[in-house]
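Per-chain residue numbering starts at 1, and chain names A, B, C and D are given in the order in which the chains are listed.
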Amino acid sequence: MRIPATVHTPPFNITRASHAVWSVADLDASEAFYTQVLGLVVTAREGDRLYLRGVEEVCHHSLVLARRAGKPVCDRIGLRVYQDDDLDRAFEHFSKAGLPCAFVEVPHQGRTLHVSDPLGTPLEFCASMPLVERQLTQFHTYRGGCAQRFDHYQLLLPDVAAAGDFYMGLGFRLSEYMVDASENPMAFFIQRKGNPHDIAIMNGPGPRIHHVAYTTVDVHTLIQACDVAGSLGHGRKVERGPGRHGPGHALFVYFRDPDGHRVELFNTHYLTLDIENAPVRWDPSNIHRNLPWGLPAQRAWFEEATEFAGVPLAAPSVKPNPLTLERFLMERA
Amino acid sequence: MRIPATVHTPPFNITRASHAVWSVADLDASEAFYTQVLGLVVTAREGDRLYLRGVEEVCHHSLVLARRAGKPVCDRIGLRVYQDDDLDRAFEHFSKAGLPCAFVEVPHQGRTLHVSDPLGTPLEFCASMPLVERQLTQFHTYRGGCAQRFDHYQLLLPDVAAAGDFYMGLGFRLSEYMVDASENPMAFFIQRKGNPHDIAIMNGPGPRIHHVAYTTVDVHTLIQACDVAGSLGHGRKVERGPGRHGPGHALFVYFRDPDGHRVELFNTHYLTLDIENAPVRWDPSNIHRNLPWGLPAQRAWFEEATEFAGVPLAAPSVKPNPLTLERFLMERA
Amino acid sequence: MRIPATVHTPPFNITRASHAVWSVADLDASEAFYTQVLGLVVTAREGDRLYLRGVEEVCHHSLVLARRAGKPVCDRIGLRVYQDDDLDRAFEHFSKAGLPCAFVEVPHQGRTLHVSDPLGTPLEFCASMPLVERQLTQFHTYRGGCAQRFDHYQLLLPDVAAAGDFYMGLGFRLSEYMVDASENPMAFFIQRKGNPHDIAIMNGPGPRIHHVAYTTVDVHTLIQACDVAGSLGHGRKVERGPGRHGPGHALFVYFRDPDGHRVELFNTHYLTLDIENAPVRWDPSNIHRNLPWGLPAQRAWFEEATEFAGVPLAAPSVKPNPLTLERFLMERA
Amino acid sequence: MRIPATVHTPPFNITRASHAVWSVADLDASEAFYTQVLGLVVTAREGDRLYLRGVEEVCHHSLVLARRAGKPVCDRIGLRVYQDDDLDRAFEHFSKAGLPCAFVEVPHQGRTLHVSDPLGTPLEFCASMPLVERQLTQFHTYRGGCAQRFDHYQLLLPDVAAAGDFYMGLGFRLSEYMVDASENPMAFFIQRKGNPHDIAIMNGPGPRIHHVAYTTVDVHTLIQACDVAGSLGHGRKVERGPGRHGPGHALFVYFRDPDGHRVELFNTHYLTLDIENAPVRWDPSNIHRNLPWGLPAQRAWFEEATEFAGVPLAAPSVKPNPLTLERFLMERA
């Protein structure tokens, strides 16, 4: 497999994965779910838009819910750059690369640049948001999973290698990756902020967004999110876990929100700041390394994901071959 | 459904479920599993027998492993009575009831009475064991799941109602129970020590022992047991969970040991000491109450269990209708 | 030291320490403190009385707050007997012993017997309370320390030996005890419910109640109680801990409520059901065993306690010699 | 107070605080302490040097213990730069600034640059170390506090303002700071890796190193470190905590190692990657904000620290006025 080289002097300074925008059918139902089960904090609700953030976040929002009829979609995923003039360098970089991009006005964000990656994923970059209060020590307001901060999103893309070329060309470093038996890349975990990933790219029909992920305090709050989901009647929305990831090593649980969007809670990652940290290779056929214990995910976890608004899907050239719960149960029977 | 009345002046004073004896094929493999993954402490290994206890237990053993070829079985389950003369009253009680019973010598136990319940389950009663050191504050010796103390066992019996009559006639109190749509009793959770159960009796071909259960410190040590299982290559032995019980409310995880015997780790229960605590009724068809969140157990959890040495199985008159993972996945597909 | 023998056939069946009644100056302030910081649930507020219980309790109350001007006091501590006719046997027993006792009407309790122990401690016994809902699985309502259930109280009494005679004469078993260098008993930890204590009796001017204690879920909720106390401005009410007890082994934290009454939160204890469990002897001069790590308690923890309404204090014949924080700091300086 | 401006284009790219070198009297005693209580992993022991790392670290070492007679000192604290040519830029930068610096050979480190900061603190910079195995998922090897990774060190320096000028001139960003009543800077918390601090600079006689800090998994492992310290007889080395920091918000505990060097364990911090994150100002006289709950530190925590080998101490121009435990106890008496 060809592993894209990291560009050590990126064209502009991306600092982290920052936010996402979901469309939802019922803003009240979604607000209840995200604040009670996940424990997100409402920064503002303005007309058809709800702005949410984690308990440690001082940025205005990391999840935006937009009420809209029709199939639930993701409007756009957001990334932060360090300083405002990084946006100008980004504009120049994307323009040279032939990717149409434009500065737009987005409420509660600094100057914002829209562009789509070569696979069609709609991205937006900004350097700042209005500062709001850090709720981290307002312990009496903690709820459910006590989601702390937005950490990453996972994309399903039809060409993992091409996506890797694009993102690592922007300065992303590869922390872990998976290849199939024929050495085709099946997953790239790439990062800018120094932990295992800002973006997880998986092979699949896309572009689609598989999930957004928030950190939680510890295993207790992870289970508490499940328990609160259960006691509020959302227990069937605990789609996968609690379990332990092979790649990334985090303890995780996946929820489906009222519109079917997927959200992961996980506890904290390791650091990947040092230059000598070589990308870790995973063989997805080794169940012991990829799934240290417990049962694999059900088929829905592998197959269902949120499409991006107005973006057509492409099939991947390489078929994924995940170990699903159904296969596992069949093999044991 | 007929709920057996509790006898408030039992014929003799049973204090708690106390221990079990498994046969195993390989004592080294079993010792490694129980000490590293579950965190049990070895009291003694003598010839073909290994004596284990939880970190808080001062009794000599709560789990005895006996090396023996052939199908893994359970030799006997143990109960404690309060004082030695309770054994004489027990002998008298069982003799009157026409149940053959006998005093036997058992290593590292006080005077021990053998009897089988009317369904054929081999029981033994004793009032005391030799005292050994409580390891509870030897924190540097804690391992894996830090199993603290033997709490209960679950039996599969072909006649739940008859079993209830027998055990509640010995002074067991009913804490929770399940009935099917026709009001047939499917499960009795009965206790002497003041928490939800010493014995869980489930409807099924039997007598068989479904699992023994140890308490663990908290959710962290529960997950730690899974993680250690995973890092030692026993990850596929995490058969079910972590999850939350409906009845009993505990957080649980089930392991299969190297011979397939099942062991549950769970965090602590609520008290059921007060006379006004009415038995709680559960309807197993209500998934939201029985399974607050996550996925149901796989078929093996419902169907596989350990037989008692030399005891023939009987089929239950009422067929259980459990919600298995397979059914759940089918219904969603 | 003379260790009182346990009476194996007690005159009546006490099952556990059950409740306490504090006087408080401001019912609103106390309700806020106990529900937000400790996480108790309000069963009822009727006029000047507030009835509280833990999240797992189905009894009507385990803590009663009575608004009243003047020095904050404890009106009475409560114990449960198993069945109603145990109350009659109790009446007979106390009458024979020359202790004046009387049946009284107490709201939301079954028939209730009042008596004072030989040291003057006002006790009440009842067999039942009205059943209310168990909130244990209403996880979305959990707050602060998630206090689960009333476990025990600690008394300061001027004659530990005499108190031991009285309570062990009622069937209490001694789990742990402390003696001074002259073998004078300084503390008795006694129990009926099968864990280390229902009543802790310490040597000191009394009778006074040093604290009531509730169990909490685990170390996470213990710290959460502190954190919520801090974020609500009650941080200075965290009087001692978090720390680890030598005797009893529990992880603990002590709070002072708005009137100065002391409440302990601790995680779960070990079982002491077996007859062979010999009382554990502690030498309070051995700091390594009594205080496994961290700093000793400050002087206030040893000296301040709540008096009982209208009960005069007596000085103990033996002076306690606690290792206080002040002494510890002096010795290190 | 003058808050030094952050240089957005630093002269070379420092990525994080990386390691420290202590002298110790007894390598066996220190190895036992650090591996059993803190849970560090031994990478190598070569002659008089012991190389330790956290369970998630793939770098060769983050703590080096060097056996040597005499007063225990710190030889040097280490920082990482991103790439090897950052070292050349660093050499140029320090040379221009008139700070003598030199490239040296250090075992198990890439090319290493030695320099002292203007206060005399001996620093070393390197870009890489040999890669070793990440033990993060070797859960069966976890011990005590399960120290995960080196996070930061705290220095006592006689001129906080001058130190701020120097380090922020290297690209460090200020996350939090304290001033006294006269607006003199008393503490700067500065960072490169995107969490609250790589270096904490406190006002005091110096240069001295107050502590090094490792992250731990969660509150459970924090307490486990204390419990293991206690059960191994190191309980009096738990100098402060467990408690909650005001600035930084982390849950912490401080240990003194066998030579008196101080080590902090704490759970994870919040992110400070965004440009709009303004430094947070703390007023050390506000106990409610600086010490959310519990008791202040004892005098030793404020006054004792490790000197650097051969570096003379200077007194600070501004006297610190910490709230010590002694003062707190006096004020309450």
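Methods note: contacts are C-beta pairs under 8 Å (C-beta built on N, C-alpha and C of every residue); 3 or more make two chains touch, one makes a residue touch a chain.
Everything quoted here is computed from the prediction, not taken from an experiment.
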Taking each chain's centre as the mean of its C-alpha atoms, give the chain farthest from chain A. C
For chain B paired with chain C, centre-to-centre distance based on mean C-alpha positions, whole Å: 32
Give, as an integer number of Å, the spacing between the C-alpha centres of chain D and chain C. 42
At least two other chains touched by the same residue of chain B: list those residues. 137, 218-220, 227, 230-231, 244, 292
Drawing the touching chains as a network, do you get a line, a ring, a star, a complete graph or other? complete
The answer for chain B against chain A in the complex is residues 218-220, 223, 226-227, 229-231, 233-236, 238, 241-242, 244, 251, 287-288, 291-295, 298-300, 325-326, 329, 332-333
What residues of chain D sit close enough to touch chain A in their complex? 8, 15-16, 56, 58-59, 80, 82-83, 127-131, 134, 136-137, 148-149, 193-194, 217-220, 244, 249, 267-268, 270-271, 273-278, 292
Of chain D, residues touching chain B in the complex: 36, 137-144, 218, 220-221, 224, 227-228, 230-232
